[in-house]
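Scrolling down, you'll hit the structures one after another.
Both complexes shown next keep chain A, but they swap its partner, so chain B is in the first and chain C is in the second.
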Partner chain A sequence: MKYLILSGGSWEDYEYKRLLELLPNREGVCFAGRMTSEQQTNNQIRAVAAADIYSLNMKQYTILVSSPYWLTEVLSLQAAYVVALLERCPEEEKKWLWDKYSGLLGAKADLVATRSERIYLEQSLRREGVLYLGGDQQESYGATFQGDRLYFLTDYEVLWRKAIVNLWQDSTISPANWVTIQLELRADYYISMCAKLPSQPVVHYLAASYLYLLGDPVANRYLTQSFELMVLYEYLDCLHSHFRFFSAIEGKTGDLETAVQQYTITAFTAEEKRDAERLRGWLHSGQYELVRAELFRLNEDEAAAVRILSSLTTSEAKLLLIQNYIRTFQWEKALELQQDLEGSVDGVIEGTIHLLHGRRHEAIRSFLNAAGQDNQAWPLLSEMADLEEAVKRLKRRVEG
Partner chain B sequence: MSSHRWPLRKTAGNRLTAMMQVRNEAGRYLEQVLEELSEFVDDIVVVDDGSTDHTAQLCRSFAKVTKLVTLETSLFNREWELRQILWDLAVSTNPDWLLSVDADEFYEETAKREMRRLIDQDVYDWVSFRLFDFWGGTTHYREDEHWNIHTKHTRTLVRYLPNFHYFFPKMDHHVPRLPLSYSVLPGFLAELRVKHYGWAVPPEELRLKYSRYMELDPEGRWGSLEQYQSILDAQPHLIEWKE
Partner chain C sequence: MSHESLNMERLAGRYGFLERVGLLPLPSEDGISIVVELSRMECARVCLPLLLRHSGVAVRIIAVSMTPDFPMEVLARQFSPEEPVLFLPYEKEEYMPNLALAHIETTFAVLLEDSIMVSPGWLSELMWASFDDASVRVIAPRSSTERGEGKKRLHFGTHHELAEHVSYSLGRYQGEWREVEVLTGSCLLFTKELIQRIGGFDTSLQARHLMIADWCLRARQIGAKLALSEAVYVHAIQSLDRYLRTKDESKQTNGWQTYYKKWALESGIENEGLLVPPTEFLKFPQPVIPLGRIPLASPLVTAIVYCDEAWDCDELKEQWIAAREQQSYKYIRWIWIRDTLLDAAPEFPVSEHDVVITVHGEDGWLRALKNASALYESDIILYLSTSIQYEKHYIERVVKAITQGSADLIVSLSTEMEEAGVHLLAGGDSALTLPLERIAYKGGIVPGMISNRKLTSRQLLLHPNASLVIGYIGDLSDSKEAHP
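Presenting the complex of A and B:
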């Protein structure tokens, strides 16, 4: 496999050099940007100018992209696979713009990997196939020769190689069990930390989070402990964070009626009360899959909601699926479903997609249509300008 | 008992259960408290913490006392267990709201009148009141550096929400009367008053109470030694109660 690296800056600043060395079946690696010939030789990487990446035969390439502002290129290159290396927003970038386009990039990628545990957990609640590029295991988990050099691998480096290989394999034959392996490692780590730090509510919450992602009902016990510690230490703003989580755990592994009631405990606004009423209605009419999917969405686990809703055919399920697609930045799927179901689409989403595909005029038209008559277009056009500026800054950094 | 109910927060027809833990209260204020509670609650649930007088018999004489558990041995030194037993007994009546009352506490008339309005709503899940420590009799309450509980609110009325997680801190003394978990739920601080007659006793009984506190907690681990000492103040600052 050949790899194309789309980084957030220069080769000197590139922070995934070791992961590049460990890439499986490394037939060739191109770095979009400037490198000295010595750097190219030492790292066995070929530098290509950003403008020349279109000359590569992308059907043979996997893209490793670590800035969301490459998204337009990523979409138009149509590489064999895309791996998004998601990062926290750098200080010099606008956070809302970075987070939005990171979300869109993550949704388009075949694999998401990140060194931020927070992003790892967020992405794990949004989609399948997320890898944490970090860990707390001290021992080596294996070794590999790359050329004549021997590498001892950490847990996540082993999983990195498995995850990349897994991209090329038929997923129906080779289930992505590396995801489960990593979740189990993280759960074991936090369970051991709970024993060492028995009065830390956050550690218990994280243990519960990983157990929940594994579908283990023991998550309930750790979340209960976390809740009690939060209350004892007077961190009282935890009703939503803990009780929506309780309801999702119950929805996944226990009794649906209890789960709905746990959600209802947190429902105070008119919208929340409507959600609770709707859940109750579905429960009584036996639409358990809708109940489950909605409880997951309300606990921000859209990945679990999408898994359920994708297989349902009712228009109610499809409407919920659209919401989940929108929240997880799977906007093309959302538009397609909206068009089928409602005969019209959300102009802001449509405009953003036009923009990302380089269709600037169509984007402006969609934004203007979406904005209506009351000058609501300005923020959308302003976002366009911000994005274009961010892309220009990226290209300047890359080209040095 | 169903653990599922709908709506979870009712705006009408709420059932109110009073819950009390008592010990050797016959001949004091218990009878009067039960009489008054019988006027405005639907059920009364009592745990008798090993009384040696006829407290249990007195409780049973009230029709609204629907559950009474008598402990053979007092749990006075394991207070959180006592609180838990009372809580479990109270929720076994499947209440909508619970009112935690001591055997020497009286809700003022306005509070009793407002009680249904306080619970028939879906906005908040607990109500706190201002408790006043009456001193030496039932006409004046005490107010000074050590006796000012009425300047804060005390949570005594709570909505029972099935499937919420309730817990008490596992302490031997000074355990809050209701589960700590209520503090994450929205509440209402009512400007309604509760008369506490625990100190509305003659001077010789105050001295006995002082001796008992000093015997139980000579180093002031559970409370303030200065406050214990202030029980013996010859001329405490008293304010006349006005209805």
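Presenting the complex of A and C:
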């Protein structure tokens, strides 16, 4: 396999050099940007000018992209596979813009990997196949020769290689068990931390989160511990953040009626009360899959909600699915479903998609339509300018 | 600093240099055998080249497949026929390390898992411990797979970093080792003599680290010291598969239960992970685990052989020994009761697992015969006389009769006895007496009393306990051939 690296800056600042060395079946690696000839020789990497990446036969390439501002190129290159290396927003970038386009990049990628545990958890609630490029294990979990050099691999480096190989393989032959392994590793780590730091609610909450993602009902015990500690320390705003989470755990591993009751306790605003009412209605009419999917969405686990809703055929389920697609940045899917169901589409979403595919005029038209008569188009057009500026800065950094 | 100490230091420095760069041979004339347990292909394809590269020229590797699906042929193709690696494919119902260790020819052997990564200088440093102290017969490097004081968890990104660390450690701690109570890790060096005396690894313990700990305790029972090298560290590659939720925890628990029972350790939370029993429990002998091919379904038989007539003809003795060797049943521990008054022929070689009890005079001989079975635990005990040339399926048939029937004690009747009827053997007090040379019984029971048939003869009888269920089988053995 050949790899194309689309970085967030220069080669010197590139932070995934060791991961590049460990890439499986490394037939060739191209770096979009400037590298000295010595750097190219030492690292067995060929530098390609950003403008020349279109000359590569992308059907043979996997793209490793670590800045959301490459998204336009990623979409137009149509590589065999896309791996998004998502990062926290750098200081010099606008956070809302960075987060939005990171979300879009994550949704488009075949694999998402990140060194931020926060992003890892967020993405794990949005989609399948997310890899955490970090860990707390000292020991080695693999060994591999690359040329004459023998590398010892950490847990996540082994999983990195497995995840990449998994891209090329038929998932029915080689199921993506690396996802479970990593969740188990994280759960084990936080469970051991709970014993070391028994009075830290955050540690218990994280143990509960990983156990929840694994579908383990033991999550309930850790969440209870965390919630009790929060109350003990008088963090009284934890009803939303902690108590509501019980309803998701119960929805996944236990009793739906209890789950709805638990959600209802945390429903304060008019909208939340409406949601609770709706859940009770579905529960009474036996629409349990809708109850479960909505409980997951209300707990920000859209990945679980999408898994349920995508197999349902009722218009109610499809409307919920659109909401989940929008929240997880799967906007093309959302538009398609919207078009089928309602005959019209959301202009802002449509405009953004035009923009990302390089259709500037169509994007402006969509934004103007979406803004209506009262000059609401300005923020959308301003976002367009911000994005274009961010892309220019990126290219300058890359080319050094 | 005196000149003498300066010289010593210099010499040590020079020696250390030669050893690190691989210019010194191993401290063993016949080289060393390394048995590698193959279970993870991704590790094995790295482990074996490192062993070949960093263990010196006098090394022989026996790579054994631990699972039926290990792609041994694929691995074997990576090595040229000139390289000293022998591949043993997986055999069902065999514990492959025991099978491989049965054929060790070198004085020292190493057993390691394919997850172990070695670096220059690792091997000779381990071997030297048993030259420093002859009673050190087991030594292990530090690694993350050891439990207790030998456990060392280090992070290395590359083999180069590992080699640098070990080189530093060898320079600083060369020649240092400490005695330990137990070892459990994935890399163990020991002497051939030791493995032949205490046998192989006990697979009933299921978990590898328990098998190693058990083996080490058995080594201590015969006076061997266990040592942990201060200087050598080997890097273990952990498996991520244990994080898959299909992990078989019940199997591990069973292993611990068996271990606790075997070593009289009380199971419970307070003893969790405890591997070493109190010293007094180390005194109770544990059975030898036979090396080589084991008929797993076969019980261990202790055969007590005695000579009941003067036997000074070498030819006869050889014939008898040859007949013994031809027995179709193989899972036998032989105990030879030898009275030097009666058995004047020179001693014959016996296998390491067997026992020769030499006495002088009839009293001692009779006492030894009566007590021999209690000394060695086994499933079946039988007595054999050198006056009889037993047919080759004799022991097999006896084992079958005991394991498949309900009798506690089996008598194999010769043709004459069958014709005459066993009741003829009944004594005056109407109690049953049986010829000892045709008796076999279940382990763990007291068969009865042994006495002389006549005052002047060494032919022996058994007066069986009345409570025992006695079974009879026919016997085709020839009692005349041995004494033409």
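Just a few scattered comments:
What we mean here is this: the second predicted complex is superposed on the first by the 400 of 400 C-alpha atoms of A that agree within 3 Å, B and C clash if a C-alpha of one lies under 4 Å from a C-alpha of the other, contacts with A are read in each partner's own complex, and residues count from 1 in each chain.
In this text, a contact is a pair of C-beta atoms (placed from the backbone, for glycine too) under 8 Å apart; a residue touches a chain by one contact, two chains touch by 3 or more.
Bear in mind that the values here come from a model prediction, so they are computed numbers and not experimental data.
Contacts of A:177 after superposition: chain C is touched, whereas chain B is not reached.
Of the two partner chains placed by superposition, A:41 touches none, neither chain B nor chain C. After overlaying the two complexes on the shared chain, residue contacts for A:262 are found with chain B alone; chain C is out of touch.
In the superposed model, A:151 lies in contact with chain C only, and not with chain B.
When the two complexes are overlaid on their common chain A, residue A:239 makes contact with chain B while staying clear of chain C.
Contacts of A:382 after superposition: neither chain B nor chain C is touched. Look at A:280: by the touch rule set out above, it reaches chain B but stays clear of chain C.
In the superposed model, A:76 lies in contact with neither chain B nor chain C. Chain contact summary for the complex, chain A toward chain C: residues 18, 137-145, 149-152, 154-155, 158-159, 177, 180-181, 184-185, 188, 214. Chain contact summary for the complex, chain C toward chain A: residues 42-43, 46, 50, 117, 144, 153-160, 162, 235-240, 243-245. Within the complex formed with chain B, the residues of chain A that make contact are 224, 227-228, 230-232, 234, 236-239, 243, 246, 257-258, 261-262, 264-265, 268, 276, 280.
Interface of chain B with chain A (complex): residues 3-6, 8, 123, 161-165, 167, 169, 180-181, 183-186.
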